[in-house]
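Alright, structures below, take your time with them.
Both complexes shown next keep chain A, but they swap its partner, so chain B is in the first and chain C is in the second.
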Partner chain A sequence: MSALKQYTDLFSQYGERINAASSAALNALRPAALAALEGKELPRKGSEDYETTDLDAMYAPDYGLNIDRIDVAADIDEPFRCDVPNLSTSLYYIFNDSYHGSGFTSGQLPGGVIVDSLRNATGTAADIIRKHYGTVAPIGDPQVALNTLLAQDGILVYIPAGVAVEKPIQLVNLLRANSPVMTNRRALIIVEPGAQAKMLVCDHTQSDGIDFLNTQVVEVIVGKGATFDLYDLEEASERTRRVSSVWVRQAAESNVLINGITLTNGTTRNDYHIEIEGEHAETRLLGMAIGSNSQHIDNHTYIGHNVGYCHSNELFKYVLDDEATGAFTGKILVAPGSPRTEAYQSNRNICASNTAKMYTKPQLEIYTDDVKCGHGSTVGQLDQEAMFYMQTRGISCQEARTLLMQAFMSDVIDGVRLEALKGRLHHLVEKRFAGTLAQCGTCAAARTCHAKIKK
Partner chain B sequence: MTAMLEINDLHAQVEGKEILKGINLTVKPGEVHAIMGPNGSGKSTLASVLAGNPAFTVTGGTVTFNGKDLLAMSPEDRSHEGLFLSFQYPVEIPGVSMVNFMRAAINEKRKYYGQEPLSASDFLKLMREKRAIVELDNKLASRSVNEGFSGGEKKRNEIFQMAMLEPRLSILDETDSGLDIDALRTVAGGVNKLKTDNNATIVITHYQRLLDYIKPDLVHVLYKGRIVKTGGPELALVLEDKGYDWIKQEFDGNKGE
Partner chain C sequence: MDKEQNSKNIIDEATEGEYKYGFVTNIDTHVIPKGLNEDVVRYISSIKGEPEWLLDFRLRAYRHWQKMEMPQWAHLDIPPIDFNDISYYAAPKQKEGPRSMDEVDPELRKTFDKLGISLEEQMRLSGVAVDAVMDSVSVKTTYKERLAELGVIFCSISEAVRDYPDLVKRYLGSVVPYTDNFYAALNSAVFSDGSFVYIPKGVRCPMELSTYFRINAADTGQFERTLIVADDDSYVSYLEGCTAPMRDENQLHAAIVEIVVEDRAMVKYSTVQNWYPGDKDGKGGIYNFVTKRGLCRGDFSKLSWTQVETGSAITWKYPSCVLAGDNSVGEFYSVALTNNYQQADTGTKMIHLGKNSRSTIVSKGISAGHSQNSYRGLVRVAPKATNCRNYTQCDSLLLSDTSGAHTFPYIDVRNDSSVVEHEATTSKINEEQIFYCNQRGISTEDAIGLIVNGYAKEVLTKLPMEFAVEAQKLLQVSLEGSIG
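On to the complex of A and B.
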């Protein structure tokens, strides 16, 4: 049986209960999702766009689902290891895939701003969800369809036209359970014309010994002249599998920054899909992945320049050690009739061990003249000359490695448009490198990397 | 006086090619040695091997530094023990600030000697003091190591690091290359200020002009991986005047090549 079938079967059996514990807006799309999955399979390793990540295998185990929405939050006061504390944010929680809100009352948000549950929203919020839910993420994508079929809750963030939200909105997704669980989380973010907001989303696993399949679909609508930042940070356990897709629609003159950061994880597949639909828009897509042990990180990105006069800049960096594998696919499409497009993409990677592997696949498709586009991709090792230079100054091999790896990531971190988070990230990355990636028993020996570059 | 550095029949190769073919050299505290020689004679290789560059393989001989086996030490321990190499081509390290780089270097040395890390204020005070020795701009301290530095700034930065680390033996590898006369004076002035009776300097250079500023006690000529001539400061003047051809003739002639 394909992995997908166990979920469609589950839906046939428990569809009513799933609907009963969700909302009308979410339920409305389930029939279409089921139809879209009819006769389909989840992509297996080697399928197009899934060269290194086996979605079928990731979904195959028999995970439990919290169909009846039993409250697992229990004691929210229990300290959890969110490593981005002391940031002054408006903080919200999702436990597994159930929205849990916060102690924070919406009265403190600027007028008209809504942060609410996709399941329990009423009134205006429910109207907004009904209008926009499922309008950005395409149901033809099997991961989206499966999430749409099963998702019962998630978060709505709505910033009305012209409102600037000063304080970042932080969403902490906590995974905790006593037995293997699949989460199907949904986020709908609407930034209306002229509005401004920054959002920080942190994924954490609290139950390290439990297997999780953590899936999410994030839909983002950014209106004309609006500015939106999304920092998508994963600090999960090695037994967590994450399948996430972020779908962004950008209107004219809007400015979007997305930064996907994988600090610790098990197996991760991230899709960042941005459609630029109005002129003079700006897009900055950044990403950073740090892999050790047998972690796997696959970032798949798409930026569609569908109109002219827009500017996109994409940078993804990986540092991989031990047996870790990384994959990056970055597609930029410049559609016909999109003059004066500027689109740049760069993927730079370091394999710090001779068993780490990096797969990188830049793709540029240009159907308009008069554009400036470029892409570059490199896989290398730590700079041995710099290592030696530092050692001659008394800096140990281990410390030199940490400094170089951290330095390598600095431009991704410096792209963060949130000072407090920038400082925090520098610290987290330093800690991460010093903790697990600095062992250098074979430091002096030349280490090679089996890089495989696909063109 | 006992020797600080004693090199005995040192052989080294890179990528299977033998570059050093039996170097003998003794350096005592307070001395300044100049090593000169034509291109490709092995001057920089000697500097790299002494500093512990893993690109070179030592195939024979011994090096004793303050009574310890230098060749058995890691590059960082050589530094802690008091060896310093001023690079001919200082390496740029984008993303690592000079301050962080220097702080790591100073504190690792302190750790080696069982001392607590320097406080932030003491460290900055030390940086300020030492910077003055080579007139290094304060702005460079906040920049990435050597990144975007001019040729002169890079060399001054090397001597600044030397001042910070207070080595017992400094090897200056072609420190004069790429310097205009003013920068040369500043750099040489810095080296002279740091000179004491307890430390020593090996100046590797192609030209005599640096030796006008840093006065050597002994001048050695390195050719084809061996020291073929040793003399006083006057030897450098002869080389400046006559070039290296007569050395080559003398040496190659003697060997009947």
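On to the complex of A and C.
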């Protein structure tokens, strides 16, 4: 039996219960999702764009699903053992795949901004969900279809036209369970024309010894002239499997920055799909992955230049140690009739051990002539001369190595448009390379902040 | 506006240029009926008087081919091909091979004259030995005796099967097994003829070996098979050039080139492919589905591929190097030009298995008209292949807003001491450079010729003299003034 079948069978059996514990807007798309999965299979290792990642195997184990939305006893304080100094955020939580919100920060959001549960939203929020849910992520993608079939909750972020949200919106996803669990999370982010917002999403596993399959589909609609930053940080346990896809639709003159950071994880597959649909838009897609032990990190990106006069810049960097596997497959497509497009893609990797593997496939598909496009990819090692130089100046081999790796990652971190987070990331990466990154990074400020507010 | 109009006219002139090698030679040709089945395979084998083992090889390949499907992964729009609508064997009807130039059919000699490779001229002036292959059977082999003195074997595959069965048996299918891919299986089942080259130990082949393939009979597939073996410390430079007459129906060409390079040997393989690309509406043209692969088996061995691809309606071709020997070197230099409705998906594979192996890939794509031009390449470094080095550069030049240029590199590195670099750029032809030339009295047409030739120079300089001139002419003919 293919892995997919067990989920479609599960839906056939418990579809009513899944619907009963979700909202009408989410339920509305389930029949289409089921139809889209008919006769399909999840990509297996070796198929195009899945050269190193076996999605079928990731979905194959028997995970439990919280289809009745039973309240998970999660401890908000527990995960936050570290902090991000000076990073005060509007903080929201998702425990496994249930939205928990956070009462104490919602009042700080500017008027009209909505952050709510996809399941329990009412009034205007419910209308927004009904209008936009499932309009960006294509149901034809098996991963999206499966998430659509099973997702019961998630987060809605709505920024009305012209509103600039100063404080970053932070979403903390916590995974906690006593037995293997599959979570299906959904996020819908709408940034109306002229609005500005920054969002930080962190994934954490609280139960280290438990297997998780953590799937998410994020839909982002960025209106004309709007600016949106999304920082997607993963610090999960080695037994966590993550299948994430982020779908972005960008209107004219908009500016989008997406930064995907994998610090610790088990097996991760991240898809970033960006469709540029209006002229003079700018996209920056950054990514960074640090892999050790048997971590597996696979990033797949797609930037579609469907109109002219746009600019995109993509940079992904990997450092792989021990038996870690890294994969990067990226495509830039310039559609016919998209003049003056500038698109650059770069993927730089370091294999720090003899057993680390890197697979990379940067691609360009260009159907018009008035473009400036380029891509580059390298796989190599740390500069031995630089290592030697530092050692002659009394810096130990280990320290020199750490310094060089940090320097290697610095241009991805420098792309962050949030000063406090940038500083924090430098610190986290330093700790990660030094092997002392025990727990989550960015959320800590939140915890301090949380504690203060509680008092 | 006038300037734009002027450029447009120039494109039209250039793109509407007649295919200058389009003519049909009226030679009495022996063609078997269309269709493919075991009997056809047996028939081909029997009329060539092949030994049992080769028939077996063909039949195994045929049976395997039946289980396979046409690959669809390339960035190509291939119309369905009816493999039973093709005749799998065509040979000029001549009872015995000619012993001297005088015995060669005058019609055939005229064909070569039109191609600009008159045998006499070649023999007298350039010292190139030509094994001219016309629709599957070798009709003329030159300089054979001189080569024989050195122990170099340069003959058709059919002769080699007869005269050197041990060598052929040992190497045939060793680099490209019949299970490799759909077209390789097809070729293994029905290959008609081709060249065989063996360079003995320590011999440096004194001349460049050359073959001209020419598809002549209508609706006949051409299934060439080339096998080159360079033994220890030897060297050979092999040239292959292709032209096909103008015909409306698409013709299929599925060739295999296998190269084995032993210790410290070097093989240089150069191709100028100028098959009929179809007319300006995309009608007709050759389908070129070729499997070319070299095995650098020996330590310090070297294989260098150089190709200039300007012809064929559809090109599906990835000359590859398996770098199995320690310190072996693989090179791939390519210029691929597509115009009108041509489609090309071409590139290379560099498989690093030996320690300290090195590879260089330089690919230059030029797209004009409504064509689609893709580079697809694989660089793989095996876990035990330490200290490997690869450098890949692929540039694309776009000459019209309706053409496409695509890059699909696959990079797979499995150790920590190898360095792999890939770099690609895609851009329009530089208008400032054209303007600069215009200012100095150089017409737009000439300026484009200059720019494109400059752009492709890195590859053209890798070609042997005889080919470099032809390649340069070809680029100019195909591209003059093509600015959109």
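The definition used in the following text is that the second predicted complex is superposed on the first by the 421 of 455 C-alpha atoms of A that agree within 3 Å, B and C clash if a C-alpha of one lies under 4 Å from a C-alpha of the other, contacts with A are read in each partner's own complex, and residues count from 1 in each chain.
Simple rule for what comes next: a residue touches a chain if its C-beta (ideal position, glycine included) is under 8 Å from a C-beta of that chain, and two chains touch if they have at least 3 such contacts.
The model shown is predicted, which means the values in this text are computed figures rather than measured ones.
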| item | value |
| --- | --- |
| Which of chain B and chain C A:Val371 touches, first, second, both or neither | second |
| Touched partner set for A:Ala3, first chain B, second chain C, both or neither | neither |
| Touching partner for A:Ala25 - first (chain B), second (chain C), both, neither | neither |
| Partner chain(s) touched by A:Glu399 [first = chain B, second = chain C, both, neither] | first |
| Partner chain in contact with A:Ala407 - chain B first, chain C second, else both or neither | first |
| First (chain B), second (chain C), both or neither touched by A:Tyr359 | second |
| Contacts of A:Phe388 with chain B and chain C, given as first, second, both or neither | first |
| Touching partner for A:Val144 - first (chain B), second (chain C), both, neither | neither |
| Contact breadth on chain A, by residue count: chain C or chain B | C |
| Complex contact set, residues of chain A against chain C | 48, 51, 336-337, 339, 349, 351-381 |
| Residue ranges of chain B in contact with chain A within the complex | 51-55, 74-76, 78-80, 84-85, 87, 90-96, 100-102, 104-105, 108-109, 112, 144, 161, 165 |
| Interfacial residue positions of chain C with respect to chain A in the complex | 73, 75, 383, 386, 396, 398-428, 484 |
| Residue ranges of chain A touching chain B (in the complex, touch as defined) | 383-386, 388-397, 399, 403-404, 406-408, 410-411, 444 |
